[in-house]
Amino acid sequence: MTPLLSVQGLTKRYGRHVGCLDVSFDLFPGEVMGIVGESGSGKSTLLNCMAGHMVPDAGRVMFDTRTEGPVDTVAMAEPARRMLGRTDWAFVHQHARDGLRMGVSAGGNVGERLMAVGARNYGAIRTAAGDWLERVEISVDRIDDRPGTFSGGMQQRLQIARNLVTGPRLVFMDEPTGGLDVSVQARLLDLLRGLVRKMGLSAVIVTHDLAVVRLLADRLMVMKDGRVVEAGLTDQVLDDPQHGYTQLLVSSVLQV
Amino acid sequence: MSDYNFAYLDEQTKRMIRRAILKGLAVPGYQVPFASREMPMPYGWGTGGVQVTAAIMVPEDRLKVIDQGADDTTNAVSIRKFFQRTAGVAVTERTAEATVIQTRHRIPEVPLTGGQILVYQVPIPEPLRFLEPSEIETRRMHALEDYGLMHVKLYEDIARHGAIATSYAYPVKVEGRYVMDPSPIPKFDNPKMEMDAIQLFGAGREQRIYALPPHTRVVSLDFEDFPFEASKADHACALCGAADSYLDEVITDDAGGRMFVCSDTDFCAGRRTGEVAA
Amino acid sequence: MGKAIIAIEGLSKTFTLHNQGGVVIEVMRGAALTVGPGECVGLVGASGTGKSTLMRMVWGNYLAAAGRIVVGDLDVAQAAPCEIIALRRRTLGYVSQFLRVVPRVATVDVVAEPLLTLGVDEAEARGRAMALLSRLNLPEALWSLSPTTFSGGEQQRVNIARGFVHPCPALLLDEPTASLDARNREVVLGLIEEAKARGAAILGIFHDEGARARVCDRLVDVADFAPAAA
């Protein structure tokens, strides 16, 4: 099977400081990969390099495109990468405000990606937007309201709808449940699990919350000081950690 | 007269502006940055248009200046006088007689011809500005033809008002490539932009020049189910009776009396004297 | 009896505690057993001898230090994560003593999820989940609630339903009848017998001696796999 995403030797330095160093992994269709590590471990740098928001110093990010097969997205021309960014890729920010247009209605937010790829029928765009609001459990009668009038959890769900409306195959998520109340987190996790299953999505989720990766991710990578120290099946890494740092991380979680 | 260089600006500045204009003509709809000069008038009073006019003007030119279609408003009178004094060129109020027409917010009703140049005063040249505040990002969006956002604006209009409520500065796509702000002309004028004359756009404060060569394809953005409509007030001109010209609403008394008259004063006067065919 | 569905040989397990001076604890050495189709093998041995550790290694939850754990055609000890995920979806079921679910998800959806993952139509998956919950005497009023607040016995039955909803060729059962009353214990033993009848290979831990005697065809004493004994 061809991996959907194949990261090879990805390295990013900030001067003498290491962002991420020689990271390699394959992600297969339908798989959810979690990346954990403490602040400054390089997980966000890695995510941004993969998603094309940052230019890595070395390495390749091969994506299995629909038309041409695996293509190195680092070397890809900017227009093609942007097109990928609004069709086959999605990026869910930790803060919904970074991923939404706060001055535009919920419907406009969801419809933007459709219009960006050429949708020019208002009625069809609006129907699709309404349909997606329902799928993320936002009432359709809020379609003309601006995101600023939504709660934090609703904003995050709106951001997800806005990202998934073009039927992407790969979703990058940066702390998708961070900053949300625990009760709201649970609903979002359930929603994401359902969407991943129904749409056959592959996802890369960066988080520092081990409970989130246990419930969402099939596989797990543990990062420290820009390096991957351990990787494997999520429950195996959490229940039988091999690396000292992972053992420390797992044993540091507060029990409820 | 001898106190000023011809048309106020020094020759080096004019050359710099002409280079920007030529680049603009070569890449229709693309906003060319230029080193806008301080002019003896405040920003917002047409400093961009005046610099473009000054750069292209030759002594043989005949200048017409209009503001909202009228030759007799303060802004139009000031700029016309400015060039009379600094360039000594002939001036006219007749559209057909002018070689250079500087305009604020209108395109004349009478179709322009091959030898003419229309210079627009532009307050905000960036059509994406109110949706995307970052200049770096909007320039990248133009470069990559990433224009989904433009339709988001129209979508919002329909969602809120049931129709595309944008009635002026209605965005257009030029030659299938750049999305352009046509300056705050009424959308009634948009279809006229495919014309025989050269159109130049100058934004002084924003330091941008862009241009449309003659016969450039200019398409107003819209949706299949909400097509573009060049609308105007549903009346005929109270003075000349024209049913197909853009109208201004004029309040005539304190009792709610009002009338609709042609915004293009030369067109209206011409019809009344019989010079423009009814 | 046909070819073994679960075949373990030379299996060892060590834990290295990096944060406690790098102590290496060897807990198992040279474990070997097979489970054939329609067979139920019970693991016995005093607590702490490694019954659960062995089960977890078969599930892929613990890494093996050495040896082979073949389930179906896959050596779990060497398999890539995506292969283990596929194995867990289709071939290998696991009823653990603990229920780990997304909070606030309805019980019926928790039970139906393994079927939905396999692409079974939603209505059918929920139907099969409800039939099983009903057979396990879980009150219908609870089906639409999240199991996180249920009693131990109720959670155990949700766990069992989730493990049995898809007919896996191989099953791991960790104390499936613990904390159940006589009536529900009977239902679970029935489910195990049915699974055996359809040819499933079952590896289980049963502290309940009556249950062990009834469903297990063979017993394996994990004390034989203790490092000292090897």
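Each chain carries a letter (A, B and C) given by its place in the written order, and its residues are counted from 1.
Following the convention adopted for this analysis, a contact is a pair of C-beta atoms (placed from the backbone, for glycine too) under 8 Å apart; a residue touches a chain by one contact, two chains touch by 3 or more.
Keep in mind the model is a prediction, meaning the values are calculated, not measured.
If each chain is drawn as a node and touching chains are joined, the picture is a simple open line. Taking the mean of each chain's C-alpha atoms as its centre, the chain lying closest to the overall protein C-alpha centroid is A. In this assembly, B is the chain whose CA centroid lies farthest from the centroid of chain A. Each chain gets one centre point, the mean of its Cα atoms, and the points for chain B and chain C are 76 Å apart. The distance from the centre of chain A to the centre of chain B, each centre being the mean of the chain's C-alpha atoms, comes to 45 Å. Annotation: 32 Å between the Cα-based centres of chain A and chain C. Multi-chain contact residues of chain C (touching two or more other chains): none found.
Of all residues in chain A, only 28, 31, 183, 186-187, 189-190, 193, 197, 214-215, 218-219, 232-233, 235-236, 239-240, 242-244, 247-248, 251 touch chain C in the complex they form. Chain B makes touch with chain A in their complex at residues 131, 144-149, 151-152, 155-156, 158-160, 222-226. Within the complex formed with chain A, the residues of chain C that make contact are 15-19, 56, 60-63, 81-82, 84-85, 100-105, 116-117.
Only residues 78-79, 82, 86, 101, 103-105, 107-108, 111-117, 120-123, 125-126, 143-144 of chain A touch chain B when the two sit together in their complex.
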